[in-house]
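Right, I'll just put the structure down here and ask away after.
Letters A, B, C, D, E and F mark the chains as written, and numbering starts fresh at 1 in each.
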Amino acid sequence: MALLHLSTWPEVADYLTESRGLIVPIGSTEQHGPIGLIGTDAICAEVIAKGVGDATGALVAPTINVGMALHHTAFPGTISLRPSTLLLVLRDYLVSLARSGFQRFFFINGHGGNIATVKAAFAETYAALTELQIPGADQVRCELANWFMCPSVTQLARELYGDREGSHATPSEVAVTQFVYPEAIKQGVLSAEVNRDHAIYGAVDFRCRYPDGRMGSDPSLATPEHGQQFYQRAVNDLSQRYRQFLSAE
Amino acid sequence: MALLHLSTWPEVADYLTESRGLIVPIGSTEQHGPIGLIGTDAICAEVIAKGVGDATGALVAPTINVGMALHHTAFPGTISLRPSTLLLVLRDYLVSLARSGFQRFFFINGHGGNIATVKAAFAETYAALTELQIPGADQVRCELANWFMCPSVTQLARELYGDREGSHATPSEVAVTQFVYPEAIKQGVLSAEVNRDHAIYGAVDFRCRYPDGRMGSDPSLATPEHGQQFYQRAVNDLSQRYRQFLSAE
Amino acid sequence: MALLHLSTWPEVADYLTESRGLIVPIGSTEQHGPIGLIGTDAICAEVIAKGVGDATGALVAPTINVGMALHHTAFPGTISLRPSTLLLVLRDYLVSLARSGFQRFFFINGHGGNIATVKAAFAETYAALTELQIPGADQVRCELANWFMCPSVTQLARELYGDREGSHATPSEVAVTQFVYPEAIKQGVLSAEVNRDHAIYGAVDFRCRYPDGRMGSDPSLATPEHGQQFYQRAVNDLSQRYRQFLSAE
Amino acid sequence: MALLHLSTWPEVADYLTESRGLIVPIGSTEQHGPIGLIGTDAICAEVIAKGVGDATGALVAPTINVGMALHHTAFPGTISLRPSTLLLVLRDYLVSLARSGFQRFFFINGHGGNIATVKAAFAETYAALTELQIPGADQVRCELANWFMCPSVTQLARELYGDREGSHATPSEVAVTQFVYPEAIKQGVLSAEVNRDHAIYGAVDFRCRYPDGRMGSDPSLATPEHGQQFYQRAVNDLSQRYRQFLSAE
Amino acid sequence: MALLHLSTWPEVADYLTESRGLIVPIGSTEQHGPIGLIGTDAICAEVIAKGVGDATGALVAPTINVGMALHHTAFPGTISLRPSTLLLVLRDYLVSLARSGFQRFFFINGHGGNIATVKAAFAETYAALTELQIPGADQVRCELANWFMCPSVTQLARELYGDREGSHATPSEVAVTQFVYPEAIKQGVLSAEVNRDHAIYGAVDFRCRYPDGRMGSDPSLATPEHGQQFYQRAVNDLSQRYRQFLSAE
Amino acid sequence: MALLHLSTWPEVADYLTESRGLIVPIGSTEQHGPIGLIGTDAICAEVIAKGVGDATGALVAPTINVGMALHHTAFPGTISLRPSTLLLVLRDYLVSLARSGFQRFFFINGHGGNIATVKAAFAETYAALTELQIPGADQVRCELANWFMCPSVTQLARELYGDREGSHATPSEVAVTQFVYPEAIKQGVLSAEVNRDHAIYGAVDFRCRYPDGRMGSDPSLATPEHGQQFYQRAVNDLSQRYRQFLSAE
């Protein structure tokens, strides 16, 4: 593995003679309930991206640690880009990197709220690269890989937590953060009752429906050991997927 | 049912005393293979939206007939908004309509390529409405309903066409257009071989992978009678879903 | 005639071997007084565009049915793009279509409020096409044709309605909608007094000056038969103008 | 008269207790043929605006000396904003000034190419002022007055120059600049033949049609004395129009 | 010297065969305390730019007389562009002029508040010119020269005014305006006490800290004779600097 | 100290009852010469921000690790936002956080190329917060602190390296990265000759002037021990400055 930010530009130039691939972790900085870390989505994406980098020899870009979390902004500490801003950010990243010669961008994502905007950004950027006539523009490919949707991950979550996994501030993602930052494991008494399964609209509405920020989850079930298991499974699944992405015609 | 464009403003004012709901059809203007109509996605969304309007008494907005189809722009006749533009269009629609008093927006969508941008636009708009302090901003809800993903529709497509349904320029959507515009049924000899299952990247890449524009589909299987069946199933499913959307707390 | 949305991409490719011209109807979705349809401007532009297409063999694009109607947004049911958004929409349309090979864009417009923004968009787009180095960029020409300003149309309106034609929600445009949608003819008692000749500023100001939405007009004078006459005259005038547009050096 | 840039803020505060009106000259910086000045449109707008300020006691803002001249950019020395940029500029001006308390904006314009974008900007800004909830937003009114379209001006041009007035780099506007800057009167031999009456499309096309930059005009007919007459007539007409603008309900 | 707005396009074409340089004055339209002119920054930049043009033979563009003055907008008469707008304005200027063949842009600036945005605009524009593939894009250079920071200017200000020079509505800049417009010298009683040295945040905060608009300055010390001295020193310093800028490899 | 991303939202809510301050590290991802890390600026900003957080009890936001580095984009591995994008990013951050109740934003910056855009973004955002009427908008203050400009830092650099400190890929910043990541210390033979003191224009020009990416620096002089000293000095200086920032009226 190598991390882009711990490399020099000649090292990157060398890397590009052997591979056009780059892993880009993307997370979010948003409330994760009473005991989940605000950085949960970025922490998970980053550690798993590094793991995939280790397993595959891929270069790993710095983590995009603020994403699209407008629906969480009624909770203090949340930072969100608007979709229109995130779209420009991703365009600028990809234009810079495509000029360098990168052509296979594998985004490892830790946050469901990013998915729509990231996909929209891919479409916008393919056209922009062509318009800018960047060499190799028509060869550029982006893939979005959500670690929390890996089959082996969702299966484990189901086994360990059943329907107490929920869909936000989940024990699985909290477990990964406990594995990475055992010193930052939070204690707290969670209400047994927790809302679930509402659709997501605006920020005020969200906080009304989910007063402590959890969506149907019980993060008190999380342990660092679980976290290590989730980490390992995600790394395995995504490493395989990255290799396929690179080798596809 | 009523169509917004065939109503007067006092009629809309009356409607708003009874319902806050609006159906917005959204399609695309893009190549649909050798015998599929360029307007397929808009035609399907519009006719089904009108059907749902008839069934539920909901008001139906004019069809957004150009969407996000950048990946089809290497074929002549395709018109696409960039995601960043479509995002602004949807924002402007929703701001106008929320000022009128509408609060439940049910988008009936005919094009997979719109999904990411439309969802991003919803998030952007919820925040914008709050920022603009439009009365009722925090009560606004948007839902995206893809007619071609209705369970009863996909089941029928599987029964009728198996894996020859494909994923673009499908016999099911072509059938709906034949039902609506029997005078515009196209003939043509289709190659038996057709590519499928590639991911979608830029427009040039797309045309290389899918030279005649079809993605794994055999639209020659379509008939107007099939179209009527698809229409009816989509209307039934979505009418029920619209009612639930309106009545949800 | 052919409609773009009822054509296939190979048909468009064939058309382009013979003509570079395209007709684009553009309207608005806005209040048209107590008995005028919200879709009046789009309905008129669309039907006349189809007529011109029939008469000239030109291809007709899908109607842009929402335009610049910010000054009408204090009446429920109006949808407006901001000028800055409409400008991007038109740019995206023209970029897509110029890539296809179209070079003569004849916009048939049904709404005075669109004129300024559409002309600004033409200027913005000529420069953008050159910047993008699209083949043939410097040959692209756009023309804006307002059907309601055709000499034969304004003459008939004067003969039939005198100064009761007014300038918004006019009997002439209402007549055309009655010709197209006789099933949607609205009844209503109109005040004899109606304001006229104020300049147009913001939406709140507009509704103060024109409380029922009419600007100096008496749409109760409209009949479907009038509508047919207006339609025929507009089609004749604009067909001739389109041919001149195509054949100009 | 007073010029905003030669006033202090307490003087402006005093002025606002008596008048809400402001005159804003807007021109362009663009080629004006072989002997016309690049600053013609700004020079004319500015001197006439100052004259109107003198006659009416209105405050006069600094001249917007670069406008929308994209079609002239194939000639060296032309500077143009894109319409989308000019729209933002005008919005920012009007938001700043409306916060100060100004409510009647009388734009004296020297360039036909600005008209569409300025009008679009007015519409965009009325809505923006309302969205920003600036006090008095709904009372703001903007008017665009093109000095070269004043009836007394066009009449004089017809008398003096007949059809050699043309439509760009006209003797009338050149005459005004000669009146203002007699030291900058240019000599040059003009071709007797000059193209006229073509529509305006992109910049490359424009230079092909109008190789020396004139559109049907013979600016060699201009004299400083003519310029003084045009100046006087424009000031008279526009002063009256400004007074009506201020006093209108 | 020559002023762009008093030149013809063939004169500009000739100039470009000998020089690629252009001087662009940029100021602001903002409160300058009880006796300073609202146009102070534009007036100073313009007169000094003309002086540098005289001394060096450089062409001088029209003055950008409205800049980034958001922090002054709580005082009436201030007009400000937002940084994002000014950035687009500068981009459009530079793109137009680089197409003409200009490659050395020497901005003479009269307003500290412009510095950050102007520098950001330079960076944005270098990349844009390259993206647009404008001939010579990679040779374009921009320099920002703040006249009030010229060593000989700050030295004189220190000698004449000591710490009563302050940092806004300074006697030195007021003196230059008195030199240029002796007819617009304002009288007024200034409080002896004046705040100074606060950082600048938003507009409301600014007016609280600096109630009459001055920042630590005593503009009553200004005289037209001082103004002439400042003018001469700035012209000398900047003329030398312009020559170095042009001749640098 | 606390890191925002290792906190929960209730912890942030608690923090806000005692302090309105937040530290935001901002760096860049750009070439740093043959042996400097691409992440240098982000690494330095982040570690020093954490040190200041430890010393002052301030909360520390996630690092903005990609900034404005367009002039470095001709070297592979550089990622840059355009100034217009970074401006939106900072606006979105500050709007989110101001809604949470934060009012004192202390940016610790590791990259000279960010300064102009960050300052422009502050100005844009103050106005935006007021426009959005966010509670406390007029109390929001932002400060930009460049660690590499701390007096104690520049003094040490001068002592240790003299003029071999240079201005990009400096031994001082490389030393800090060696202190943080001793495992990523790079070896390499540097040319003795290195260009210095050129102004910065576009990316192509930059690489011509500075072929290996260094600007007048000799990073081979760096040691981890130096890095610790720089770190300590920067933390001391900036901790004091942060306290003053918080306590200023």
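By definition in this document, contacts are C-beta pairs under 8 Å (C-beta built on N, C-alpha and C of every residue); 3 or more make two chains touch, one makes a residue touch a chain.
On a predicted model such as this, the values are computed, not experimentally measured, just so you know.
> Keeping to the contact definition above, tell me which chains border both chain A and chain D.
Output, common partners of chain A and chain D: nil, no chain qualifies.
> What chains touch chain A and also chain E?
Correct list: F.
> Please determine the option from C-D, E-F or A-F whose contacts repeat those of B-C, over half of the contact pairs being identical by residue number.
The chain pair with the recurring interface is A-F.
> Which is it for copies chain C and chain D: same residues on both faces, with over half shared, or different residues?
Chain C vs chain D: same; shared/all numbers exceeds half.
> If you average the CA atoms of chain C and of chain E, how many Å lie between those two points?
Roughly 46 Å separates the two chain centres.
> Where does chain E touch two or more other chains at once, residue-wise?
Only 73, 82, 84, 88, 133 qualify.
> Connecting every touching chain pair, does the picture come out as line, ring, star, complete or other?
Basically the chains close up into a ring.
> Order of chains around the ring, counting from chain E in the direction of chain F?
Read cyclically, starting with chain E and passing chain F second, the order is E, F, A, B, C, D.
> Touching chain C in the complex: which residues of chain D?
Touch list, chain D to chain C: 68, 70-71, 73, 82-84, 87-88, 113, 115-124, 126-127, 129-130, 137-143, 199, 201-205, 248.
> Which residues, counting only chain B, touch chain C once they are in their complex?
The contact residues of chain B facing chain C are 3-13, 16, 29, 31-39, 42-43, 61-63, 65-66, 73-82, 84-85, 88-89, 91-93, 96-97, 99-101, 181, 184, 186, 188, 213.
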